[in-house]
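Structures for review follow.
Each of the two complexes below includes chain A, the first together with chain B, the second together with chain C.
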Partner chain A sequence: MNLRPLQSNSCRHGGCTLTGALSATTHVRDAVTVVHGPKGCAHHNFSLLHTTGLDNGELILPEIISTGLAETEIIFGGEEALAGVLTSVARQDPAAVFVLTTCIVDTIGDDVQEVCGRDYGVPIIRVPTAGFLGGTFQDGMNRALCAIAATVPSRRADSAASRAMGPCVNIIGEKNLEFEVEENYAEVCRLLDGLDLRVNVRCIRNCTLQDLSRLGMARLNILRDEELRPVGDFLKERFGTPYVISYPAGLEGTIGFLQSVADGCGVPGEGAIDREEEIQREILAGFQDIAGSEILMESSPGSPEALLVAGELVRRLALKPGAGGIRVPLPISPPVGSAGVRRLLHRWRCTIHA
Partner chain B sequence: MPECDKPIWPCAMTGAAACLAGFEGITVVIHGSSGCYYYPTTFLHAPLEGTFILENEVIFGSDERIREVIDGLEGTSNRIAIITTCIPALLGEDIPSMLASQDVLLVDSPGFSGDAEAGYRKALECLTPSVNPETPGINIDGACLFDPFYRGNVREIRRLLAMAAVPVGTVFCADRADNVSDAALHTIGTNGDFRSGVGEYLGGTLGFDEIVRTFEIIGRKFEDSDIDPVIREAEGEEERVMAACDKFLRRSDPPTVAIFSGCSYALFAARTLKNYLDAEILCIGTRNEPDAVVSPAGTGFPVVHAPGMNRVKSLIDTYRPDLVLGSSFEQSVSRGRGFYGLIPPIRGRVQLAPHTIAGISGSLSFIEDLLNECRDRKKNHPQKLF
Partner chain C sequence: MKQIALYGKGGIGKSTTSANLSAALSARGLDILQIGCDPKRDSTRMLMHGKLIPTVMDLLRNQGEAKISRADIVFTGFNGVRCVEAGGPEPGVGCAGRGIIATFQILQKHGALEGDVIVYDVLGDVVCGGFAMPMREGYAEEIYLVTSGELMSLYAANNICKAIQRLSIRPKSRCRLAGVICNAKGQSREEELVAEFARRVNSEMVQFIPRSRTVQMAELNRKTVIEYEFGSSQADCYRSLAQRVMENTHLTVPTPIEYDELEALAIEFM
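Presenting the complex of A and B:
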C-alpha cells in the first residue's frame, strides 16, 4: 500500500470530507441527508455507516439519498437533479434535510447554494463538503457540526430554562465510526456522575433536531478530541459555552479531566478525584503480574496521545521497552478514562503471556 | 430523475478494482482521493495502491503525482494498472501520453459511469484477454473479489474439473496475469453476473441441473474427459437434497421467500427453492439490471430492479416473506425473518472458510443452510407456517 508516511503527504490520507460530515448528519435521526453526486459516493458511505452501526449493535439504516449523478448530469449540470430530489424528499416531511456535496459537484460548478435557497417547505441545511476538495474527514465533521449548531437558537446556560435543568454538559463530536464509541461515552458518563453532572446533548449521536435545540443550555462542552477545537470555538462564540479540549486520556489525564470539568462547571471535584485515584491504584495493582516485562510498542499507527499514555503505563508498571521486547498493541486513539486503560492493559497482558 | 435512496451496490470504479486486483502480477492504483481509495480497499480486502490526489493536483494536473506513485512502485515486476475515479476522469488528462514510456494499463472507469459490473467488464476488456488454441482445458469465469463465494466457487469447480480429468485454463478474475492472454478455448461459469466473454461458453455450474448439463457438454467436447464421476456425484447428492427437503415438508409448509441479489445468484436461489422446497418466490429484487445473458425472462419469477434500500424495504414490508435472501442491508430491515447471506456485504459474523454456492458442494451448502435456518425459525417462532 502506497501510504508514503512523509509529513508533507499526511493530508493525503485525511479521508473524505463527505464521510466526515455524514458521520454526523446521519445521526440526526429525524432528518434526511442528500448526497449530491454519483450514487457510488453515497453507497460507499452508506455501507461504511451501516457496517459501523452493526459493530455497535445498531440496526439503524442511515437516511441517505443520492442525487445519482450520471454522465448526462455531469456534462449538463446537476442542479435540477438536486432540486428534484429535494422536492421529493421534502414530501416525506423530515425535520430537516442536510445537503452534502461531493468533489465532482464542486468541480462541475453546480450552484448548490442557489438550489438549496429555494422553498421546499422544510429546513434545508447545506453543509459545504466536497470530498477531498473540501479538506479531510475531520474538516467535514467539523463543518457539519457547525452547520447544525448554527441553526439552533442561541439560548445560553444562564437562561431560566437552563437553570431549571441543573448543571449539565454537552458531548461534542463523538467519533461515530469508532468501534468503542459507546464504551467511551459510558466511561465519560461514569466520571461525570462522580461530579453530579449529567449529559445534556450528545452532539451528534442518535439524537433529533429537538434534542439539539438544547445545545446552548449546558455549562460546558466536552470535545471528543483536540481536532474539534474549531467546533468548540464556534459553540463558545454562539452560546458562550466554554469547553474542555478532549475526552480523558490515560490515568493522569483522567484526573486532569475531572479537575477541568469541575472547574468549568463550577462544582467541587476533590471527592471525585480522590475516588478515581483509588480506582486507578486498584487497576494498577491488578496488573502487577506484568510489571517489569520487556515490551515493544507497535509503531503504527498510534497517535502521539496514545504514545503518551503508553509511556505513562511503562512508567507506572516499570515496563521495559526495547527492541527485544514483546510487541504490545497501541490503539489509534488513546484509551479513554481509567476503564480504557484497564482494557488496554488486559490486551497487553494477553500478548505478554501468549 | 436519477434519485437513488441509500444506494446498496458499488460503483464502476470498485468493480474495475475487483477485476484487476484478482490477478497476481498486477498492481492496482486507484487514481483519486483517499476517500475513493479506502472503500474498495476495505471492501475487497486487497492490497491496492492510491494516488491520494489533493486539490492542487486537480487544478494544476496530476501527472507529477502519478509519476511519483508509479516510481515508488518500481522494483516489483508487476504490471501497473491505474483506475481513474470520477474527478480525474472528468479532468480529461491525457494519462496515456504521460505514461507513454511505461507499460501501464489505464482503465477509465469512474464511479459515475455505472455499477460494479460495468467497471468489471471494462477492466477485463482493457486486459485484452485472448484464447490460445494450445492451452489445454477449460477456463472458469465469474470470480469477483467481493463475491463472498468466489474463493469457494473456484475451489469447487477446480475439484469437479479434476474429477472429470479436464485441466483448468484461466480463472477470470483470480489467476496469474499472464494467463489472461493465454486462455483456453472453452469456459464454464460460476457467477453469471461477472462473465468474462472469453472463449466458447459451455454453461454454468449453479444448481444440479446446470452442472449436469454443462458437464455433459464437456463430455462431448473433450474426448479425453471422464465426466461420469461428476454426474454420479451430482445425481447422488441431489437425491440426498431431495430426501432432506421432503423430510422438512412432512412437518412444515414451504417457506415464502424474497430474494435480493445479482441476477445470476437470485435466479439460482429461486429455482432451487422452488424445485426442492416448493417455496413461493414472492419477489426477486436484483442489484444489477438483467441483461441478455442472465435474464429472468421466461422463468416465471417476479423480478424487479432494486438498487436502493427503500425499494428493498418496501418489497419486504409488502410481501412479508418467511425467508429473506440478501445482504446485511436486507437483514437490517427483515425484522427477525429467516435470513441467508447471498450477496455482499455480509456483516456481523466471522467468515473465514471459503464458502461455495457453485458446483455440487455449493448446492448442498445452500440447501443445508436454508433448511437449518427454517428449522431454527420454526423452533423460535412455532406459530409461523414453517
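Presenting the complex of A and C:
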C-alpha cells in the first residue's frame, strides 16, 4: 500500500510500480511479462518502452501481454483471466513469465500469488507491484530486480566457477528509460577496464535468464544509484556480494568510484586513478576557451547530485555564475564518468558560444 | 416517481420490510419496482413466491452485457410488483460495490428504472462507494433507516446517517434522510429508544413494526405478510408504513451522533 504524501513536484517523483518493474522485466529478452489488469495499463507502458527504446536507437517491441480485465472480471474477480493467460503464454515456452499487477487487481483482492503458484510448465516470477497503489516507479523496479534475484541459485563469487571467470562485477539497476544509457554503460566499462575488471551481468538490460543465473558470481555489485540500496542489500544477503551505491558522478566522483570499486574487488587502483586524473586534466584543458565565462545554471529539473557536479565544474573552470550569465543546461541525472563530464561541457560550450 | 432506499444493519429485516412495503404500495394501486442491491440476492424472494430470480450480475457474467434484455432482468411478482436483483460476486472475490454500479448502468440503459415508486433494498451498510450508488444523484432521494433497539443496529444506522450527510453536500445531490423504521426485536422500551434516536439524528420514527410470528409464517409460506395474512395487524403496520412513505415530506440532512452519546442513549432506555 502506498501511503506516502504527494511530492510538490509530483511529475518528477513517484510514478507507477508497474512502469518501474516493466522497465526491468522487459529487458529479459527470452521472458514474457504479463500485466494483470485492464489492457490500457499494458498499452501505455508498451508505448512508453517502445518509444524510449527508439530514442536510444533500439527497435524493440517489449514482450508484454495483458490479462485485459474489464467490468466483468473486476466485479467477479480476475483470477480466472490470469490463469487463462498464463496457460496460454506458457505454450510459447518462454524462459520465464513475469507477472505484474495493477491498481485494480489489488483493489479487488485477486489472490495472484496462489494463481502464480500453480504449475504451468514454465517458471512464473511474480513481481508484487499493484500499480500506483503499490508505491513508486523505483519501488516497482527494485521489486522486479529482487524477484528475479530470488530465483537465481545462490552461487557465490568465491565458487570455483566464479574463480575461473576472473574478477568481475555486476551492474545493478541501469536506468533503461534514461537518455544515453549505453553511453553511460560504455563509460563504466572503460573505467572497469582500467582496473582489469569486466562486467559479469547487466541486471537488467538486454539480457537473458541464463545471463542472470550468473548474478551471484561477481565480486562486487555496482548500483546505478542510491535508490537501489534495498536491492544491493538483498543481493548482499543472498549472494554475499558487497556493493557500491552509485555510478561515477563528475570528476572527483569518478576518482572516488575507481577507488571504491578497486577496494570492493580487492584489486590495486592507483594506476587507474593516476591515468584517469591525467585524462580529466586533458578534458579541462580542452575547455579553457569557456573558462571564466559568466553563466546561469538552469537548476530545474536537475537533481541535487547534478548540481554538485555542476558546482565542481564551476570551480575547476573558474566559471562565474550570476543572474546575468548565459543560461547553461543542467542534466536531470549527473553526468557519468569523465566522458559524461566532457559531453556536458561540450553542451555548455555550444550554449556559451552560440 | 418516488425513489426510496432502505438501509440498515445486516439481518435487521430490510428485505422483509422492503418486500412488504412494496406489496403494500402495490395494493394501493401503484406501479412498484423493487431492486435488491445485495449479492445475497434474496430481497425479492417473497414477492416472487420463494423463487430466486436471475441476477443482473449473473447475466452479465454468463452472457455479456450486449445480450442482456430488459425481460432477462425484470421479473413480475406479487400484485404486479416488478423485481430486480443486482447480485454480485462470490464472497471473497471481486468487487460487489462495482457490481451495484454496473447494475445501475444496465438498468438505465434498458430504461428499467420507472414506475410510481422504486424501492431500493441495499446491503447492510454503506461499505464503499458502490453501495452508496442508490443515494447518488438521480436515484433514491429518500432514505429510510431500518433498525431495532439493539446498540449495534443503531450504530449501523448512525453510520449510514454519516454517509447521507456526506452525500447531501454534493451540489447535485437531493439525497435526504426520510425517516427511521423500527423493526423491533422485542426488547423493552424499544419504540421509545428508536424514536429518540431518530430525533437525535434530526429525523423521526415513521413506523414501529412489532416482532410477530406472522412474519415468520408468511416467509415459511414464501409470501409477504400482505399476501399471506392481508387482514392481520402486522399487515396493517406495513400498510401504515406505505401510507407514511407516500405522504412523507419531512426530508432532512441527518446529524449523526458520537458513539458515546449513542451508548448513553441505549443505557438510558434499558
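In this section, the second predicted complex is superposed on the first by the 341 of 354 C-alpha atoms of A that agree within 3 Å, B and C clash if a C-alpha of one lies under 4 Å from a C-alpha of the other, contacts with A are read in each partner's own complex, and residues count from 1 in each chain.
Everything that follows uses one rule, which is that a residue touches a chain if its C-beta (ideal position, glycine included) is under 8 Å from a C-beta of that chain, and two chains touch if they have at least 3 such contacts.
It should be emphasised that the depicted structure is a prediction, and the values quoted were computed from it without experimental measurement.
Asker: Touching A:Leu54, do we find chain B (first), chain C (second), both, or neither?
Answerer: first
Asker: Looking at the overlay, what does A:Arg229 touch: chain B (first), chain C (second), both, or neither?
Answerer: It touches nothing on chain B or chain C.
Asker: Based on the superposed arrangement, let me know which partner A:Phe76 touches: chain B (first), chain C (second), both, or neither?
Answerer: Second partner only.
Asker: Scan A:Thr107 for contacts with chain B and chain C and give back first, second, both or neither.
Answerer: Both partners.
Asker: Touch check for A:Arg29: first (chain B), second (chain C), both, or neither?
Answerer: A:Arg29 sits against neither chain B nor chain C.
Asker: Kindly classify A:Thr67 by the partners it touches after superposition: chain B alone (first), chain C alone (second), both, or neither?
Answerer: Only chain B is touched by A:Thr67; chain C is not.
Asker: More residues of chain A are touched by which chain, chain B or chain C?
Answerer: Residues of chain A touched, chain B against chain C: more for B.
Asker: With the two complexes superposed on chain A, say which partner A:Arg343 touches: chain B (first), chain C (second), both, or neither.
Answerer: In the superposition, A:Arg343 touches no partner, neither chain B nor chain C.
Asker: Just which bits of chain A does chain B share with chain C as contact spots?
Answerer: Shared contact residues on chain A (touching chain B in one complex, chain C in the other): 71, 73-74, 107-108.
Asker: State the interface residues of chain A toward chain B in the complex, per the touch definition above.
Answerer: Contact set of chain A toward chain B: 1-2, 4, 9, 11-19, 37-44, 46-48, 50-51, 54-55, 59, 61-71, 73-74, 81, 84-85, 88, 102-104, 107-108, 131-133, 137.
Asker: Which of the residues in chain C end up touching chain A in this complex?
Answerer: Per the stated touch rule, the residues are 57, 60-61, 64-65, 88-90, 92-96, 98-99, 102.
Asker: Report the residues of chain B in contact with chain A in the complex, numbered from low to high.
Answerer: Within the complex, chain B touches chain A at residues 1-14, 29, 32-36, 38-39, 41-43, 47-50, 52-55, 58, 69, 72-73, 86-87, 90-91, 110-113, 307, 309, 328-329, 332-333, 345, 347-348.
Asker: Tell me, which parts of chain A touch chain C in their complex?
Answerer: Where chain A meets chain C, its residues are 71-79, 107-110.
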